[in-house]
């Protein structure tokens, strides 16, 4: 019963936040570029994302010539459906967790890798060379960045001694210096960079780099099939920011009073940062992307982990 | 090793970039919000050509149908139709014949110099302004109409005489008023 | 300094046109076989190719190569006259790689065949298009001597008599025009 | 997987026949364009890829070919002027100038000094606007979305200025043999004087946001290594050759107009890569402002169009001429031949982008797909100019 309720709640949460994020992204992009962004539909364009969604739903679904129908249509569904379990262990508030589990972090790490499969299927199934190149990039990028991401999280798990997200939050205090980010600033940095790469956000948006690969893996998708990829990307963004909030930023705990609002505020602050980064930087090149990972992030996260292990053993 | 330190130092530029975009995020927008605001410099825009009226009659163009503009236009977008000379009535013909018989010089009725039709195909025009430069009576000018829209190409074939009249009507100017 | 550049290359006509009017420093008319060695000399002398222009005249299709120098500016024009029915000119694309496209463009527009062009595909016109849009109708062609004022003629091959002084009436009428 | 495509369709069209499948089955033949976001219009490049490495590239042109050169032979000398703004819509004034200059050279027409200064001012303003658009579009190619909006913010001021002179915002055709069609409006010079410090104040922001950005530097440095010798083989000019260390600028090499009276430097970079070409253009923005500053001070009073300037039926004297100007992309040349009638006998247009693009095939070989995009952007291509 709780699972069903949770699934419905998570779906609603993703949809609602997707709409908010679309609006937020476009408004922030607009104002960074000294223009108002969406303005015409509703007050200050507030209804724009709903209209966008309506447009996407209304569009024709189109299968390209020579596409592998099964893979092609399964890909967006897989991409979206496998985001849902990621929300299960996230502690939005003291009581507001879909399903408390001891190994919540492991669940998230396990399922976050599957999004890659969807991109792969989309790239191969589209029978489009751009899509294929995008998928190839996505695989290399995701596999590479998963490792430092994992090591960064592991460092936090060492310090707090638990893989349960709720417990991790409870072990932190309300004030910023009591958060894990104060203990593990490097891990947070590595985690955040890896999170950008894992969610294919600029400056690491190579799988869908539109000036190089037209639109990467979703070149051929139209209508709601594209919409699902889109929604999954935003859902993934929410997940990585929520996990970062729980692991590093004290979760629902905040100064003076605690609660779900603190969680959402911190999560949206991180989302804002992600959007801000996207509208500031150029895109890195593919070999540079991998160099950043193998030459910087991986050694740093390993060193950080070793140091953490040593310190936890000593103290 | 120095290379790596340099790469770390270069990361500062990323922070600087964030501050610049953040600064712009804070500032007000610079775009002109079209239906609510308009740009201020429409007057200097040289849009589709228009006929300029005679100083005393806002519905009549200064045009003397010399056809200079028609022959000059590089894309052939102007068509001017002249008035035909009025046919003399039977009595006039008789009078003319009599006069000719008397050996007098007969002045045949002349066509009015004003154009009968002045057609302009805006879809072909490249707004070079040569027509307005060659016009001996300065009858062609540029309108500053930036908001012209149309649904099909045929709507861009404009009757400039009608537009001149419409403009005079719109501005409420009549012959009497000017006189 | 340039005097040695073309030494030994058969030149049909060499002229020094009025630079202020024509924009050219030197002007050489070559036989088709002479173009490759001449361009090789220019390449060695540090020139770059500006463009290759065509001109349809009564006497044939005139292919003009314009060269300029980055450090010692002064435009040199090399020209080859080619008959209308079988316009063939040796390609210089193996010396100046940039010439490949210019030659392909000229093949499109005039139907000139550049022998030895590594990729003689139509460049700007569709592959199926066989028209040569810049060739003029027989009647509207003008002879070379009536189009180009060679300026001071340095040397001239007697076979190449397009710019040879004509009868006086022609010159007089030109003066009257001026 | 089902294939409804016939073998002919799979093997591609006429232009890709040189890319037929060889013994190496891993080679991916990719059509980049004619509808691709970073080919700036309708350029098509056939690529043979090994992974993401480009083994061979071949540009296919002609998707925007309008045969401007044939149009010249059917229009009067003045009637051909509006075509010039359409050849390269980003630096229309320079193309106007190249053509008008050729006609003036042919006809021996004097130009009043005020008109020469008006030409310099508008041409340099137009050059700034062209470089700003290139800058924004190049960063779009590299994945940064915001700079183009800042560039357009400044470009808008220039367009307003040029509109107040010429009445149009993009395809200016207000130069005339013997001067310019319209005199400057009264407030124009003051507005230019106000614009110069504004633009100067913006340049450091551009530098901090983009030029110094380490991601951009990594995308441009050591990408598209273009030795000077190769520039020469392909006839590259403009910022491309200056980015390879050669201070070649038609304004100095073959002075025209009043440029000999104006002081400016020719920015060059010795790095010979995409960053070099980038920095040359950024340096040129500053130099354009320097020229503008001098020109608005030095502009004399007087007539803007010489008396007896060619009328539409004007007949050019017999002869041929070649006139070159420095456009934003390089040397613009007009080769004009007259048979004494009122229409040009032949008008050959030398587009700088044509030569600059021709070296792309060699330059892109062995680079990554992403580098090819960076190289393509650094050449600053305007396809209508290349196809004409």
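Per-chain residue numbering starts at 1, and chain names A, B, C and D are given in the order in which the chains are listed.
Going forward, a contact is a pair of C-beta atoms (placed from the backbone, for glycine too) under 8 Å apart; a residue touches a chain by one contact, two chains touch by 3 or more.
Predicted model, so just to flag it, every value in this text is computed and none were measured.
Counting C-beta pairs in contact across C-D and across A-D shows that the higher total falls to C-D. In this assembly, the C-alpha centroid of chain C lies 26 Å from the C-alpha centroid of chain D. The centroid of the Cα atoms in chain B and the matching centroid in chain C are 44 Å apart. Computed from the mean C-alpha positions, the centre of chain A lies at a distance of 42 Å from the centre of chain D. Averaged C-alpha coordinates put the centre of chain A at 56 Å from the centre of chain B.
Chain contacts: chain A has residues 32-35, 279-281 touching two or more partner chains.
Within chain D, the positions touching two or more other chains are listed as 146, 150, 153, 209-210, 213, 215.
According to the touch criterion at the top of this document, the contacting chain pairs are A-B, A-D, B-D, C-D.
Chain A contributes residues 28, 30-36, 39, 276-277, 279-281 to its touches with chain B in the complex. The touching residues of chain C, counted against chain D in their complex, run 20-24, 46-51, 53-56, 64, 66, 68, 70-71, 73, 75, 77, 96-98, 100-102, 109, 119, 121-128, 133-134, 136, 142, 146-149, 174, 177-178.
Here chain D touches chain A in the complex through residues 1-5, 28, 30, 36-38, 51-52, 139-146, 149-150, 153, 209-210, 213, 215-216, 218-219, 368-371, 373, going by the rule given at the top. Put simply, chain A touches chain D in their complex at residues 29, 32-35, 65-66, 68, 127, 129-130, 133, 136, 202-203, 205, 209-214, 278-288. Against chain B, in their complex, chain D makes its touches with residues 75-76, 78-83, 85-86, 146, 150, 153, 160, 163-164, 166-169, 171, 173-174, 181, 185, 205, 208-210, 212-215, 217, 311-312.
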